[in-house]
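Handing you a structure now.
Note that the chains are named A, B and C in the order they appear, and that numbering of residues resets to 1 at the start of each chain.
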């Protein structure tokens, strides 16, 4: 019976004598996060406040930049667009959430499926499609209206603040919809039934019981829309540039490009970035407050089919209305891009004789763009995915299992780059990694990779840590009691249990990285163009139908990846 | 060969002392119940025995071999202690099949494949789960997952098995069946089983001996069911193990009185176990007898048939007490009504110094 | 003696069928005919999934009927044939749900006042009525508090106050106590009983806990797999269960295999007759059903048997007694006549019940008796 290892590690650790893998991982986490998160942010603040030519603290520039007329306009636009988008997106989102979550409207499956599409199409491609349809200068829908009804002027103009608001609302309402529909599904149906029994009519129950109960979900969806809209670059740049409508993110990018490396220009951009950080920061603080308070406990007790509300006469009108809305909003832009991609040239009437495969021929065979861009994007997607996955797993393990001092700081550093608007992060990366620390990555693909890793780290961290927290300690303890060492119980039990979360979090990074525009548009070099940037530049150069062809290819790649994820997530086992 | 000794164990989380000084010898092939209110430290104690939590003080021996002893610089890690444990939340690994779950301890101990196969088969037979080898835990009911957890504890060690509230999550009928199976399994394998629970009834039914722990992590009593029920060591044990009435009493020249709004004579001779000074009578509802010859008068204020028994509330003086009558006694033909005046006498009562509630 | 009682709830041929993807068509409630009288507390008891909640939800109006008719206070509320359906809010019922279902965004006062508000009760009347209901449910002083700051027991009291504030004739209770801990459960039980006595509600109480049902109800119904098994008073059902299911569902049971011949009953495999009167219209191999706490055990009188195990529980001593032929029964008796393991003892069965032998596996049953 004396087979046991008497001089064992646990007693030594108990007495504090061992440097172990936990400590190593903790230190590694701190170092990596400082490189990825703190350096870019620090460089922005440093450049905004510090005049390197004279080596003095200089805050006068703030005043100058803030008082510029264009900047004030951009500021105003950002806020107006942000708030109006939030309002409209919330109304649409809540309406559909209630319709699908609580009413007996038919074809729910189809509608749920349609709701997923806006998530798959990059919003800037959507904006491009809307521009093709409703631009005042020769949008196809405008032209059709003018020729059919003999109008003098185009009836619609998407290149306005209102246009931007509508397109943003259309691409962001699913945020609200998803939050609210989940809350409705989780809600204990007896909360509503008890109001019916108390004598309340249907409308009363909806307005006084159901809606107030999902207020937390609605507001968290709203803030998500607000933050996304404030930091959005793709839609305002696609729709606003031609009409000289700027928001803060587009203005920053424009300044940066106009600066062309001049020091003053960069400083102006950093100051605007700080402004944007403050605006988004306020929204983020509100969001945090909201997540911490006002969480009603509305989870259902007994699993029961919620009683669906009968729409009776309103059923079919509502169905037709919603299907029409979804088709116009979701399918029409998609169709428009596809049609345009086959046109010999943008602007030609949509007739069979104008169709050709020329654009596809162009991008696939003529100048190799697709191959380069797809290669770059795939490389970035995969590498960013793996880096974030590795970092995310390690971080969540350190934060939730090792629990060192300063884990709050670790978490903060990991989420910091995500809270930054993509434009700002890009500027931070440029400032930090073009020689400031004796490392120059500017114009290479590596600088994009660092930016992506910083930007998407919080996705993997969130997903992995949620899953890790669900692995109850007794599962690991059980394996130790079965004769597994600490490391073995980690590899045999913990890792396999969070594997599904790891796989899905990889794709959570891979997919957005594949279609990223905001950050990459500032970071690309001649040889490191991504899919998003290539489309953007084709379009900016007036080759709209070529851009469309490339867009179709991109959407196809994303959809295929999505289907693959669906399969993987479906037959996952475990938690 | 499955003797366990815990000597002067002290456990704490920071400055919060959970267990002060806990010693017990557990003999081979015994089912011992560790019972106490939730938060009394019983689970922490078991974690110390498993090696998942280090005691501040004390020693743990199994079959005379030190498992934990600071003095001797020994602390065998959990994976080498050879103790099977069944957790309250089962802790069946959801990513492995039933078979893989149960085979895991053997694989970790590098047993030959043929032996693993046989042991798994044997363990699953013990818990009547043959035929479920390829199931995933999510396809099983709570009771079945529980069985898998027990089978895994069996392959981990047939000698010593700790069960931490293993049946709390099951419904009443299943619970009873599970107790029977645990007893049967122990008889077949001769294991030593430590059964941790807050449910005193289950412990009394299953265990050879029961350790009652109080809120502060001290041992109140160790004994068989007969000791615990017949001679509760103190007021805490009496109160903890069942429904209880406490009636203040006093002694006068001519006899022994219930000391309520008035004094009511209930016995002329000195009752068994009488103590001097300010005292209370502890009495179980079942031991207050509706007895026409009883000296104390009472009024029935409520009566309900519960199937297994009748539940009454009676008032003596200005206080209400609970009385239970077995269904068999109630077949005497007398139908007691609310408001009826009756006489009662007391059986098996205990006396304790008065304590503020 | 035939006192005319007003029928408060009546179910006629009520049937409910569901169609599910996995099982096809399932009959959850099969042809129920039921009358519940005014001021009566009526329990519906059965294992989970037996259709008891569905029955209640049909009475409340949350489920359509597949067939049949429901009348409340003499008024039709659901008649399938005529497509008549009164929505829940117009049925004038009070209802308490298992998961409390108090509205977390309203304070206690507003929760309880809502039924009055939607019923358009004059403002000046609302306050005194709410306060009265709160007082009855021991919630006075908590008007301004939000439910999330209250315990489970208090939340269930809010639900109760909300249900009684409109003075409904009928109160539906859907497992209202099963989310509470045992001590609280008992207190609430008393409180519900007290309320009923005071306001003369007709109560339908759905539960899976037999002692709860027995303690609370005037009459009860045991159901299984969508069928009514037996309706009667608690004592009737406990003492004269119509079949084995009802017997084993309402408390503990011993089923002993016996052979009844020529007016005598012997334990299967033994020859000494048991001291019981043989069943009138059954013979051959049948089951003797007894309850552990209605068996007499003593030192001299009755059928001789052997104590094979003894356990002291808090309220009872529990004995396993071998009647011979491998037939073991469980006996629970107050701690008075003490037997030891291995002692001879004598048993009598004052209230035997007889059932046809089922397909129960003998070995399985013997195993259950080992503790």
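Heads up, the rule we're going with is that a residue touches a chain if its C-beta (ideal position, glycine included) is under 8 Å from a C-beta of that chain, and two chains touch if they have at least 3 such contacts.
Since the model is a prediction, treat every value here as computed from it, not as a measurement.
Shared contact partners of chain A and chain C are B.
Of all the chains, the one whose CA centre sits at the greatest distance from that of chain B is A.
Chain B has its Cα centroid 54 Å from the Cα centroid of chain A.
Distance between chain centres (mean CA atoms), chain B to chain C: 28 Å. Residues of chain C that touch chain A in their complex: 60-62, 87-95, 97-105, 114-115, 118-119, 148, 159, 162-163, 166, 172, 179.
Within the complex formed with chain C, the residues of chain A that make contact are 188, 190-191, 193-201, 204, 208-209, 212-213, 215, 296-298, 300-302, 307. By the touch criterion given at the top, residues 47, 50-52, 54, 63, 65, 73-81, 83-85, 87-89, 91, 93-95, 104-105, 108-109, 136, 138, 149, 152-153, 155-156 of chain B touch chain A in their complex. Against chain B, the residues of chain A that register as touching in their complex are 1-2, 4-6, 8-11, 14, 472, 474-475, 477-485, 488, 492-493, 496-497, 499, 573-575.
Interface residues of chain C, counted against chain B in their complex, comprise 190, 210-211, 214-215, 234-235, 238, 250-252, 291-296, 311-316, 318, 332-336, 350-351, 367-371.
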